[in-house]
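Next up, some structures in C-alpha cells.
Below, subunit A partners subunit B and then partners subunit C, in two separate complexes.
Coming up: the complex of A and B.
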C-alpha cells in the first residue's frame, strides 16, 4: 500500500489533467452539457488531496526526500530528465495547493453558478491545477521552468476569463508580458548555470541533470568556474523569474491589474498558489543563492522594499480586491525578505499560513462582492456584518491573522521573519513599519466594509452555503496553524519538517514579539479611530494634510505611469525608428523618392517612385559595407 | 576527399535516390495535363486537382521515407556523377520540404477556389518550386546548386504574381523578380570566384582546394563569401537583405506567402548549411558575418513587426526575426548549434504554415488581412482562434509548444558551444520577449468583445474545408507534440549535420565538444 502510494505520487497532477481532458472532449463532442463538468474537477482535486495525505501518512518517521527521474528528451550530450522530488518543502506546497484548490473549487460552484462560461472556467481551473502541482513536484530546474510557464499560461487564460471586458483582456496581456520579462532572466540564468556547472553534471547520472537534490554541488562548481561577480549576476538573473511571478519590485504592476479575473482566481492563483511559486523557486534554488552573499542581500532588500511600498499603496486603496492584492504583494515581500535573510523556514512558514488566510480573505471579498451586487468599491459598502455574518466573522479572523495578533496564524510566521531581520537595523525597521501599516490597512478594509451603515444600492445578502462553508473551513488553519507548528509547549515546529540544511529552531525573541504586537495594536487603533464607529479622525483631513504623500500613494508610486512613459516614448519610438529605418532611410539614401507610397497605388507607381531600385541599391550598399566592416573586424 | 564515384552511367541507385523527385515531376506533368483536360473548372474538378496533387506529394514523401528506411547505416554517397549527395541531411531536409509542400497544397485550395479560376497551374508551380528546393538540399556541386536555386526562384516569381489581375500581386511578382535577378547575379559572381580559387565545381574538391586558404585573410576570399551568402541571405530574408519580403508577402496570394516563408526558406537554409559546413569551414570572418546579420534581423524584424497592421506584413517581419534567431546557430558553427537550426526549421514549418493557414481562412471569412478585422473572432470561430493562438504562442516561444523547445535547444547549443556568445543569446531572448507583444496583440484582439463589422458578417455555421481543417489539425498536433517528443527529431537533426561536419577538417570550437 505505502509503496503504491509512493510510486504513484506522479498521479497527483495527472488527476486534474484527466478532468481537464474530460471537460474539453466532453464539451467538444457535446456529451457534456454547458453548465456541467465541475464534479470531475472537484473529484480530481479531492483525489489529489487524499493521495497527498496518504503519502504523508506513509512517509515514515525520518521524512527522507523521495526522488524519481526518467529521461525525457535527449539532445546529443544533453539529457533532460523528468521526475518528481518530494521533501518537506515540496510536501508543504502539495498540501497547500491541493487543500486550498479543493475549497476554492467548491466555492466557485456558488460564485460562478450563473456564468455561461461555467464549464470552461472549471476546465481552466483543472489545467491550472495540473500545471501548479507539476511545478511543485518537479525534480529539476528545467522541468520546473516548463511548468512555471504553463501556470503563467493558465493564469493568462483565467485573468482573461471575462475576456469580453477590454480591461480583463488588457490585464491578462500585461500579466503575461511582464512575467515574460522575468522569465527571460530566468531562462538566461538556467542556461548560464548549465554552462558553468556542466562538468559537475557530467560526473553524475544523466537523469539528475539540473536536479534540485544535487544543486548544492552544482552551485559550488559554478561559483568556482564563474567567479563571484558572474555568479552573482547569474543568481540575480534566476531571481528575475520569482521577481515577476511573486510580484516583487519593479516587476509587480501586473498583480493588482490581475484582479480583473474572477475572485476565486484571485484567491487561488494570485494569493495562495501561483504567486507563491516564486518563493518556492527561491527555496528550490537555495544552494545557489546562499553561497552568494551579494545576491542574498539584493533579494532581501527587494523583498523588504516590496513589502513596504505595497503596504503604503494599500493604505489608500478603495477597491476591496485591489487592497487585498497590494496586501498579497506586501506579504510576498516578507517571504522574499526572509529568504534573502537566510530564514528559509520562516519564509516558507509564512507562505503556508498566508496561503490559507489570504485565500480566505479573497473568498470573503468575493462573497461581499456577490452580496453587494458586483460592487467592489468599499466606499459603497459598510455595515455588512449585519447582513452577512459568516463572511464578516471569517473576514475578521483573516484580518487578525494577517495583522499578526497572538495566537492567530500570521503572528507566528510573520514574527519569525521580523525576528530574523533583527540583526540588520534598517531592514528590521522596514519590516516593523510594514507590520504597523498592515494592521492599519487591513482593519481599514474591515471597518469600511463591515461596520457603519450600508452605503450601497439594493439589499446585500449573505452568500449561499456552498460559498460560506469553504470560508468557515479556511478559518480553522488561519487560527490554529501558526500555533500548532510554532514549536512551543511541546508542539512540533515547522522548521522540523521544512528547513534548509540542518534544522534549527530559534529561541523565541520575546522583545520582537512584544514589539510586533504593539505595532499591530497601534495600526488597529488608528484604523478604528479613522474608520471605526468612533470616526474621531476624519480620513479626508489626513489625506489633505499629507497631500503630496497621498498623491504619491494614490498613484501607486507612479510605476504604471513610468512604464507607460517607457512603452510610449522609448519602446515604441524604437519600433518607429526601426520602421522608419526600414522604409524611409532606404528611400532617402537613394534620393529618388518623395513622399510615401500608397500601398494600393498599383504596380507602376510603386516602381516609378524608385522603391525597387532603392532596394537594389541597398543590396549593393549592404554587400560593400559588410565587406568593409568585416575586413576591419577580422 | 577521395571521390567514390567512378561510374559513368546513371545506375539504379541514382534513380532510386531521386525517386521522390521523379514522382513529383510526374505529378507536376499530370496536373498540367489534367488542367488542360478539365475545361469546365467546376468545384468538383478543382477539388480533384487538389486531391491528385496531394496524392503525388504524399507518394513522393512515402518514396523518400522508403528509400531512407532501406539504408539504416546511412553512409553518405554521391549520386548522379557527384552532382547530388545522398546523406542523412538530404533526406531530412527533403522530407521537410515535402511536408511543407503537402500542407501548402492543402491550405491553398479554399483560397484559390475563391480568388481564381485556374487552380491546377498553382499546384504544378508549387511542386516545381519544391523540386528545385529538393535538388538544392541534396546538391553537391555548384551547378546543381544553381539549377536548384533558379528552379525554386523562377517558379516563385510566377507564384507571387499568380493572381495576375490584381495589381498588388503583379507588383509583388515584379519586385520579387527584379530583386531576385539581382540576387542571382551576385550569387553567380560569388560562385565564379569560388570556381576561380578552387578550379572545381564539386564540393569536396572545392573544400580540399580552399583548405589551403584557411586562416588566410584576403579581400577576394572575403568578397567571395559575402557574395555567395548575400544572395542566400536574400532567399532567407535576413536583414538587410529582407526589403522585398514584406512587400511580396503582402502582395502575393496568401498561400504563396506561406510557401515562401517556409518551404523556400527551408531550402535556402539547407544549401546555406551545406555550403558552410562543407566548403567554408573555419573561414575567418564567418562568425562575425552571421553575428551582424543575426542581430540586425532579430531587431529589425521584431521591432518593425510591432508597428504592422496587416497580418501578412507582420508575419513577414516575424519570419525575418526567426531567420535571425536561427542564424545564432550558424555563428557558433558547431554541429550542435547547426543541428538545432534543423530542428528549429522542423517546428517552424508547422507553426508558421499553421499561422498562415489561419490567415488564409480568416481572410476568406472576413475578406481582409487587417489585424483589426479579426476583432471578436472568438465569438464566431472559437476553435480556429484557439489554433491560431497556439501557433502564435509557439512562434513567441512559450512552453510547452514546439517553438519553445526549438529556441531552448538552439540557445543552449550556442552557449554550450561558445559561451562568448552568451550576449547574443541575451539579445535573442530579449527580442523574443518583444515579439510576444505583437503576437499576443493578435490574440487579444481576437478575444475582445466588440466584433468588427467583418466578423459580424460571418455566418454562424459554415463548415471548414476538409483539406484546410486536416492541415490545421496536423499543424496543431505537431506544434504541441514536436517539442514534448523532441528526442528523435533532435537526434536526426544533429546527426545529419554531424555527417556534414565529418567531411571537413575539424575546427575545434571553445567549450564543449560534442
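Coming up: the complex of A and C.
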C-alpha cells in the first residue's frame, strides 16, 4: 500500500490534468452542458489531497527525500530528465496547494455560479492545478522552468478571464510581460549555471541533470569555475524569476493589476500558491544562493524594500482587493527577506501560514464584493458585520493572523522572520516598521468594510453556505497552524520537517516577540482611532497634513508612471530606431537582392520576344562566334 | 583561259547561303522564309559536291550526302507547307510578325 502510494505520487498533478481534458473535450464535443464540469475538477483536487495525505501518512523512511527520474528527451550528448522529488519543503507545498485549491474550487461554485464562463473557469483552474502541482513535484530545474512558464500561462488566462473588459485584458498582458522579463533572467541564469557546472553533471547519472538533490555540488563547481563575481551575477539572474513571479521590486506592478481576475483566482493564484512559487524556487535553489553572500544580501534587501514599499502603498488603497494585493506583496517581501537572511524555515513557514490566512482574506473580500453587488470600493461599504457575520468574523480572524498577534498563525511565522533580522539593524527596523504598517492597513480595511454604517446602495446580504463554509474551514489553520508548528510546549517545530542543512531550533527571542506585538497593537490603535467607531482622528486631515507623502503613496511610488515614461520615451525611441534599421538596412539588403534579380530579368526579357526570326539571329551570331573562337583556338 | 575552280564554287555557295540567311531573317512572308531555307540547303549541297569533286573524286560520300539532303529538304518543304496552311487557316495570315506564340 505504502509503496503504491509512493510510486504513484506522480499521479497527483495528473488528476487535475484529466479533469481539464474532460472539460475541454466535453465542451468541444458537446457532451458536457454549458454550466457543468466543476465536479470533475473538485474530485480531481480532492483525490490529489487524499493522495498527498496518504503519502504523508506512509512516508517511509520518515521525511527523507523521495526522488525518481526518467529520461524525457535526448539530443546528442544532452539528456533531459523528468521526475519527481519530494522532501519536507515539497510536501509542505503539496499540502498547501491541494488543500487551498480544494476549498477555493468549492467556493468558486458559489462565486461564479451565474457566470456564463463557469465551465471554462473550472477548466482553467484544473490547468493551473496541474501546472502548479507539477512545479512543486519537479525534480530538476529544467522541468521546473517548464511548469514555471505553465503557471504563468494559467495565470494569464485567469487574469484575463473576463476578456471583454479592456482593463482585464490589459492586466493579463501586463502580468505576462512582467513575468517574461523575470523568466528571461531565470532562463539565462539556468543556462549559465549549466555551463559553469557542466563538468560536475558529466560525472553523474545523466538522469540527474540539474536535479535539486545534486544542486549543492553543482553550486560549488560553478563557484569554482565562475569566480565569485560571475557567480553572484548568475545567482541574481536566477533570482529574477522569483522577482517577477513573487512580485518583488521592481517587477511587482503586475500583481495589483492582476486583481482584475475573478476573486477566487486572486485568492488561489495571486495570494496563496503561484506567487509563492518564487519563494519555493529560491528554496529549491538555496545551495546556489547560500554560497554567494552578496546575492543573499541583495535578495534580503529586495525582500525588505518590497515589504516596506508595498505596506506603504497599502495604507492609502481604497479598493479592498488592491489593498489585499499590496498586503500579499508585502508578505512575500517578508518571505524573500527571510530567505535572503538564511532563515530558510522561517520564510517557508510564513509562506504556509500566509497561504491559508491570505486565501481566506481574499475569499472574504470576494464574499463582500458578492454581497455588495460587485462593489470593490471600501468607501462604499461599512457596517457589513451586521449583514454578513460569518464573512466579518473570518475576515477579523485573518486580519489578526496577518497582523501577528499571539497566538494566531501569522505571529509565529512573521516573528521568526523579524527575529532572524535582529542582527542587521537596518533590515530589522524596516521589518518592524512594516509590521506596524501591516497592522494599521489591515485593521483599516476591516473597520472601513465591517464597521460603521453602510454607505453603499442596495441591501448587502451574506453569501451562500458554499462560500462561507470554505471561509470557516480556512479560519482553522489561520488560528492554530502557527501555534501547532511553533515548537513550543512540546509541539513539533516547523523546522523539524522543512529545513536546509541541519535543523536548528531558535530559542524564542522574547524581546523581539514583545516588540512585534507592541507595534502590531500600535498599528491597530491608530487604525481604530482613525477608522473605528470613535473616529478621533480624521483621515482626511492626516492626508492633507502629509500631502507630499500621501500623493506619493496614492500614486504607488510612481512605479507605473516610471515604467510608462520608460516605455514611451526611452524604449519606444530605441524600438523605433531598430525598426528604422530593420526597414532600411535589413529590408534594404533584401530589397537589393530582389531588385537585382528583377532588373536582370527585365533586361533579359527583351530577348524572349516570341519571334522565331530574332531567335535565329542570335542563333547565327552564336554559330559565327563559335566558329571564330574555334578557328582562333586551332 | 578562265578556269572554273574550287573557290568559285565555294564563293557561289557562300553568296547563296548569305542570300538565304538574309531572306530567312528578314522576310515577313512565311513562304518566302521557307524558300530561303531551301536556298541555304542548296548552298550546302553545292559545297558538298564541290569538295567531293576537287578533294577526293574516288569517294562519292559528298554526292551521296547531297542526295540525302535533297530528300530530307523535300520532306521538310512538304511538312513546312502543311504547317503553313494550317497556320493560315487559323490566323488568316502568313505574316511572321504574328507568329509570336513562343513567348508564352
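The criterion applied here is as follows: the second predicted complex is superposed on the first by the 577 of 634 C-alpha atoms of A that agree within 3 Å, B and C clash if a C-alpha of one lies under 4 Å from a C-alpha of the other, contacts with A are read in each partner's own complex, and residues count from 1 in each chain.
Keep in mind that, in the parts below, a contact is a pair of C-beta atoms (placed from the backbone, for glycine too) under 8 Å apart; a residue touches a chain by one contact, two chains touch by 3 or more.
If you're wondering where the values come from, they're calculated on a predicted model, not measured in any experiment.
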item	value
Subunit B versus subunit C as contact partner of A:169, first or second or both or neither	first
Touching partner for A:543 - first (subunit B), second (subunit C), both, neither	neither
Contacts of A:616 with subunit B and subunit C, given as first, second, both or neither	both
Contacts of A:469 with subunit B and subunit C, given as first, second, both or neither	neither
Partner chain in contact with A:433 - subunit B first, subunit C second, else both or neither	neither
In the superposition, subunit B vs subunit C on subunit A residues touched	B
Partner chain in contact with A:405 - subunit B first, subunit C second, else both or neither	neither
Contacts of A:579 with subunit B and subunit C, given as first, second, both or neither	first
Contact residues common to both interfaces of subunit A (with subunit B and with subunit C)	611-612, 615-616
Touching residues on subunit A, where the partner in the complex is subunit C	608-613, 615-617, 620
Parts of subunit A lying in touch with subunit B, wherever the complex brings them together	72-78, 145-146, 149-150, 153, 160, 163-166, 169-170, 172-173, 176-177, 180-181, 184, 187-188, 191-192, 194-195, 198, 572, 574-579, 581-582, 586, 599-600, 602-603, 606-607, 611-612, 615-616, 618-619, 622-623, 626-627, 629-631, 633-634
Contact footprint of subunit A on subunit B as seen in their complex	167-168, 170-171, 174-175, 178-179, 182-183, 186, 217, 219, 222-223, 226-227, 230, 234, 240-241, 243-244, 247, 250, 284-285, 288-289, 292, 299-300, 303-304, 306-307, 336, 339-340, 378, 393, 398-400, 404-405, 408-409, 411-413, 415-416, 419, 422, 425-426, 429-430, 432-433, 436-437, 440-441, 444, 447-449, 486-487, 490-491, 494, 511-512, 514
Subunit C residues touching subunit A - in the complex, by the definition given at the top	21, 24-26, 33, 96-97, 99-104
